[in-house]
Amino acid sequence: MLELLWIIPALPFAGSLFLALLGRKLPRRAIACLGAGSVGICALLTGLVAISFIGHTSSHSFTYTQTLWSWLDVAGFGPSVSLHLDALSLVMILVITLVSFLIHLYSTEFMIGDADYSRFFAQMNLFVGSMLTLVLADNFLLLYLGWEGVGLCSYLLIGFWYGEPQNGYAARKAFIVTRVGDTALAIALFIIFTHLGTLRIGEVMLAARDTWPAGSPIATVTALLLLAGAVGKSAQLPLQTWLPDAMAGPTPVSALIHAATMVTAGVYLIARTNVLFMLSPAALTAVAVIGAATLVVAGFSGLVQHDIKRVLAYSTISQIGYMFLALGVGAWSAAIFHFMTHAFFKALLFLGAGCVIAATDGEHDMFKMGGLRKQMPLVFWTFLIGACSLSAVPLITAGFYSKDLIIWKAYCSARGSVWLWAAAIFGSLLTSMYTFRMVLLTFFGPLRKNATKRPGWPMSLPLVVLAVLSIAGGLVDLPKNFGGGSALTKFLTRDLPSFVTAPGRAVHQGMFGVFAACVSLGGILLIELLMRSRMYEKISESPRAKALHSFWFSGWGFDRLYDLVLVSPYAMLARINRDDVIDYFYTGLSRLSRQGWRGLCATENGRVRSFVLGIALGAAIIIGLAVFL
Amino acid sequence: MTRIVGHVLILAAVLFFLGLIGVLVRRNIVFMLLSIEIMFNAAGLAFVAAGARWAKPDGQIMFIFIVSMAAAEVSVALALVLQMHHRLKILDTDAAKSLRG
Amino acid sequence: MILAGLILIPAVGGLLAWFTERFNPARPKFAALAAMAAELLAAVYLAAFRSGSARFVVPWIPRFGITIHLYCDGLSLVLVLLTAFLGLAAVASAWTEINERTGFFYFNLLLTLSGVTGVFLSLDLFLFYFFWEVMILPMYFLIALWGHENRVYASCKFFLFTQVSGLLMLVAILALYFLHGQNTGHYTFDYIQLLKTPLSHSAAMLIMSGFLIAFVVKLPSVPFHSWLPDAHTEAPTAGSVVLAGLLLKTGAYGILRFVLPLFASAVRHFAPIAMALGVVSILYGALLAFGQRDLKRMIAYTSVSHMGFVLLGAFAGSRLALYGVVMQILCHGISTGALFILVGGLRERLHTRELDSMGGLWSAMPRLGASLMLFAMASLGLPGLGNFIGEFLVLLGVFQVSPFWAVLASLGFVTSCVYSVWIVQRTIHGPNTRGWNPPDLSGRETVVMAAMSVLILWLGLFPRPVFTAVSPFVENLRQKPQSSAPAPESGRTTGVSRAVRGRTP
Amino acid sequence: MTAALSSISPLICLGAAAVLVMLLVALRRAYTGMAALTLVGLGAAFSTLPLMVDSNPHRLFFLMLNGYTAFYAGLLILASAACVAFTFSYLKEFERNREEFFILMLLATLGATVLAAADHFATFFLGFELLSVSLYSLTAFPSMTQGHIEAAVKYLVPASVSSAFLLFGMALIYAWSGEMSISRIGHELRAAHIHADYQWMVAGLAMIVVAMGFKLALAPFHLWTPDVYQGAPAPVTAFIATVSKGAVVAMLLRLFTPAEIQTGSTLFWVFGFMAALSMIAGNLLALFQENVKRILAYSSIAHSGYILVAFLAGGARAIEAVSFYLITYFLATLGSFGVVSALSTPGMERENLDDYRGLARQNPFLAAVFTLMVLSLAGLPLTAGFIGKFYLTLAGVGAALWPLVIILALTSAMGLYYYLRILVALFVLAPSGGDRRPKPPLSFSNAFVLTLLAVLLFWIGVMPAPVLNLVRAMVG
């Protein structure tokens, strides 16, 4: 079965190409079949490949590489188009194909009214294909191809409704900001190739371990550049600004970006290049700190948003922050675990939000919604499950297991610290609060807007499946004390370094767990209390809170800062220099020659006497030159 | 170079220069032609002096030659002056400024 | 013989086109199309069956040791292929745009192509200079006669820039000629002979700067770029295509073929300045592109930015960078050519090039929109499309030599992204405020776009043939500057040896 | 004596033709016949040139008779034949006496040939004056417009002054060296570096240079050029620009090449100064000029500057380069003035740029020829001018005249601007405000000569080797 691996990324590409070329001539049903079908077959194939791969489990650390063709082969630089399957990429593609398929399925109904139906699916397929290429890439260059492809698709899809200027703005912002990170990644690739002589990921890791001493500056620089790339794609501080705006795209796009593709690419990259990060403690610490800072910062911003999708966007930033935190403290598999559960519940939440938005005629503002619980029971219940999972409601949700693991490991890791743990815990509190603020505003309270549409089966089915997964997803890595065997962790540890516990910290795990559970539940209760007692409004009325509110609302002023420091000066420079200062030099020359012409023309005054004068003076000059020189 | 030849040459140069000044300051075409004649004759004088220095007849021959050529030139020039006066009604060269720019 | 044919086919085709106009003004385009198709076939034949190595030697002006020495190695071959392909595309793009004096138009277009082909094939420096000049004048006419509003100014500017620099190159060529002659007693313009000229450092620097100024102006690099936006903006579509796709490439080709092998040590000395210029071009060109209001002008400035990579890579002195340069040359030719064809199509439909009056055209013209998107992405260096390979290899190669410049140039990734998405935003995206509803690409345009798209994708995903073709050139260049052009094979030497034995003037 | 006479038979033919035409005119005025006779005379002179080459001894009647002289004489005679052909159609509708025009042209040609062949100050001066006096008369001859007379006056006065300079210079040289033979003076000059009174000699030479500079329209003696070129009838302008210049160039080379002025003589600086100034002033003055004849006048100033660059290179290469360049310059100049004269009549010269707007539409043949000629003047490829300029630059670089070569490159590029203006005018689509006056029909003689010139121009541009060899064989 493994030989079919190449079909997995190829199918979405093929689907995309086909739809792009012929899509406009096809009926909608055929487009839907093609668009969702290609990803569906992908998901099926991935399942088969996974079974076949796990069949090889007997041999420890089994990987499968498939070379399709030699891409370029020059002067010792020979990355080929080849795919690499190991435990990490297998888990990734499983989640990606499954969630993507569900989102595609959902979209077949959600987008049915759109004029550019085929374009939508073409781009969605391209998105999935790029992400799969990214994950399966055997070398950094192919990874970079997928990486950029994902960026392009995010640009295309965020700006899908390009008629609105702000959608275009959001799309551009997403593309350009991530491109900044991509450039850092490219530079990292230059360093890697220059110093290690290869771009094949496996070889790079081995070579780096052999040639770069731990903590060497070059390793640190490389790791930091990779981190910069990851930060761009995964919307972490300080490049997180594009993600909230990315909500301009259709809701399934947001789901795809947030849950299955794009933003998790950074997490994947760091996990994939763990050796480099392990060589550089500083970089790893940076990863953890960025993660911790991001999850808190984004949590605050999430708490004050009005737009339901923006809340989810900030929650994504925050949850990816958890993953970074996990990576930073060396809890590699925990990060991937959280990636998986996050994919499930975030897709669920977005799709649910999409149902709500569709039902309320495109209303995004939560304050204009309310009381939809009765009107859309299925959506409500599945959304609630997703929210619970996001808030890590203990025991029953997948999110609890993954997040709890991270919080705990942030403390007990050899690289962990109390501060990281505190940030994680505080983030957990914030998560619960903004999540349930969203739930309460949307589904409870007075009915402000009637739901006009009920989701049909293509939209409902993914909700149900994802809801189940959001609950049951935790089972794959159920820790020992809950009777599980940490299956995922074990599976991943074949390719990822194992977790190192700090001596003396690994005690009282149970107590920490209970505390974390209490915090998340407490957050829910707190927000419920605040909302019910109208304290929330009162607090937000006070001027100081208002300032804080608007500060958080605008995402901590990062946008304004970048605008002031980078965007405006660049645009202004471009505007001022539209006519190109250098050109003035040449126009100056031409003006000079015109002056010269005018001056010389004055000598041509048409008088015979001045002709003779010219001769006389000329004679004087040349006789002088000839005789006295 | 013998002294006397040098003196004559200087005289010729002075004459030449005077002729040149004449062409430069006079606007009337007839006077300009006169001044040019002076320049030619200055050159002729120089030739004669040079011939004297080398005690050869070449200088004198050249002088005769110059005089005859100058006559030819002046005849054409005077024809032109007539045309100028006849057609353009001017003799002032500065007034002939239809060609310029 | 086929090499002379490659040069003559467009020229003869152009003459034919001119004459057919007498009978029917709609006829010349068919003649031109046929000629370019024949040219492409000949080039493909050369590539396929002669494994891209052919030589043609005939004495021309023995008095000065000038021979008609044409030679086609891998580097020339890929560029000739590009010429034939873009020439065909240019003819097709002029199909409906040009209705005035069609015969003379196609004559000029094809003569330019003939000159460009000659530049790519000449191994005699005089012949090279000859073709270098041949291609400029018809291009001047193309701009000056069929251009837009400000055409006379633009064409003059183009002409003067290229001529000043070209004459300086002539002086440099002659200096080299005499230095070689004085050293060996053997006066010749033959490239292979001149490669062996021993040069003192200062002489090499001076002569190289003579060559370089011509190439850098043609490339163009900041600060010699200011002719380019005007020329491009005012030129008719076919002119822009040929200008951006081919004429700029002659500058790059000149650097690769002549500057690097002839002045290896001077190049090393000059490299920091050239690389700095390259980086400045990349960033400054991008800045200028972003500021423009006129779509064509904007794309013109992007060329400045892209050709900065060529300058940067050519002087890096790394093989990877050289491969990247070749790739960049090819792909920029195709992608910018395509963009100009698209802009020409837009202008034909909307009668404006102003970005302010465009917007939201994708829904009306999906095929054009998709093509524009594709080539805008190519322009920003999206992996999977050819331009990425070029830029990436250049930067990688430069990084091995000078990380500082590479990192600075990498900022070009961001700036190119900025202007590319801005192009997309202002044309096919955004609100359609003017209510445009123009017809989509016609069948002819679609075929051209499809061919170019396939090519750019092919170059992005399967670039190996190109690398295989140019690798002898690049490897030779790196190993031993003296032997970078192979000596003539035996059996064909008679012409050369007779020709290069030109007498001392 | 017969041998001696036969070796100067070209000169005799020219003189005889002039006399014959003069006599026949007295009998009967037959315009076509006289033109034909003139051409026959020129043809006879040309066909007897081989006798000049083979002449033995070389020096006869104060003339130097060898391949070099024959080359220049041939060039001048052919150019003058072209001018005669242009004149023929130019004066076709002219009602007053016109046959004398041919006499004057023959005399001017004779003068130019004598000048090119002169080996003595006497012949030098004789040729110089014969040429000048004929040209004054030719310029004023039609007297149809104020321009003709005015141009003649503007030519006559400064030309006479320059003749005076020439004479005075000759006198000084003679006074110093006792020598009036051109070839010996050159050698004297080379040896003169050590002599105490060297300044007298140099001053004399400088004065001769003034006169020659005037004829060559070198800056700073160029002021008369545009006015005379503009005012003179177009065929005469062609004559002034080619024949008169060519003869002086021949004399320049003959006088100064043996002197080897490039080896540290102050005259090198004199010529360098004039070359640089001519290139700059000529090109700059033409830049925004609106009158085609004036543009061509200024461009001829610049071309004289270019010629000096090669001249300064010295040695055999300089002679060859200059001679070859002169051929290309003659072809292009004759062609362009030929077009101007084909479009003009004595009463109405078509000389403004506006008159040429849209010519490509109205008369494609003339426009094509004019384009080719202008391209050649500009030194663009596929024309003789390209090879010519290449040769000049080659000579300049070969002698390492870097500043002059750089000025040559830069100014000739600047010059392209005004050549392009002419081209654009020819090809602009709508003749907006263009010339709608009826144009004279294209005569057969003009068409024939112009075609010949164009074909030659193109041929030399593509296959210069035969002409190069010819030049080398003749003047080398």
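Per-chain numbering from 1; labels A, B, C and D assigned in written order.
To be clear about the criterion, a residue touches a chain if its C-beta (ideal position, glycine included) is under 8 Å from a C-beta of that chain, and two chains touch if they have at least 3 such contacts.
Bear in mind that the values here come from a model prediction, so they are computed numbers and not experimental data.
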Practice problem: Between A-B and A-C, name the chain pair that shares the greater number of C-beta pairs in contact. | Solution: A-C
Self-check item: Whole-Å separation of chain centres (CA-atom averages), chain A against chain B
Solution: 95
Quiz item: Using mean CA coordinates as chain centres, what's the chain B-chain C distance in Å?
Solution: 63
Quiz prompt | Gap in Å, rounded to a whole number, between the CA centres of chain C and chain A | solution = 39
Practice problem: Quick one: report the Å distance separating chain B from chain D, using the average Cα coordinate of each chain. | Solution: 25
Practice problem: Please list all residues of chain B that touch 2 or more other chains. | Solution: 20, 23, 32, 93, 96, 98-101
Quiz item: Which residues does chain A have that touch at least 2 chains other than itself?
Solution: 601, 604, 606, 608, 612
Quiz item: Which parts of chain D, given as residue numbers and ranges, touch two or more other chains?
Solution: 153-154, 157, 161, 226-227, 414
Quiz item: Which pairs of chains touch one another in this structure?
Solution: A-B, A-C, A-D, B-D, C-D
Exercise. Would you tell me which residues of chain B are touching chain A in their complex?
Key: 20, 23-25, 27, 32, 93-94, 96-101
Exercise. Could you pull out which chain D residues touch chain C in their complex?
Key: 317, 320, 375, 380-382, 386-387, 390, 393-394, 397-398, 405-406, 408-410, 412-414, 416-417, 420, 423-424, 427-429, 463-465, 468-469, 472
Quiz item: In their shared complex, at which residues does chain C touch chain A?
Solution: 157, 222-223, 225-226, 229, 287-288, 290-293, 319-320, 323, 360, 362-363, 366, 370, 373, 377, 382-384, 388-389, 392-393, 395-396, 399-400, 403, 406-407, 410-411, 413-414, 417-418, 421-422, 425, 428-432, 461-464, 467, 471, 474
Quiz item: Which of the residues in chain B end up touching chain D in this complex?
Solution: 1, 5, 9, 12-13, 16, 19-20, 23, 29, 32-33, 36, 39-40, 42-44, 46-47, 49-51, 53-54, 56, 58-59, 61-62, 65-66, 69, 72-73, 76-77, 79-80, 83-84, 87-88, 93, 96, 98-101
Quiz item: Where on chain A is chain C touching in the complex?
Solution: 20, 24, 69-75, 77, 81, 115-116, 119, 141, 144-145, 147-149, 152, 155-156, 159, 162-165, 168, 171-172, 175-176, 179-180, 182-183, 186-187, 189-191, 193-194, 570-571, 573-578, 580, 582-583, 585-586
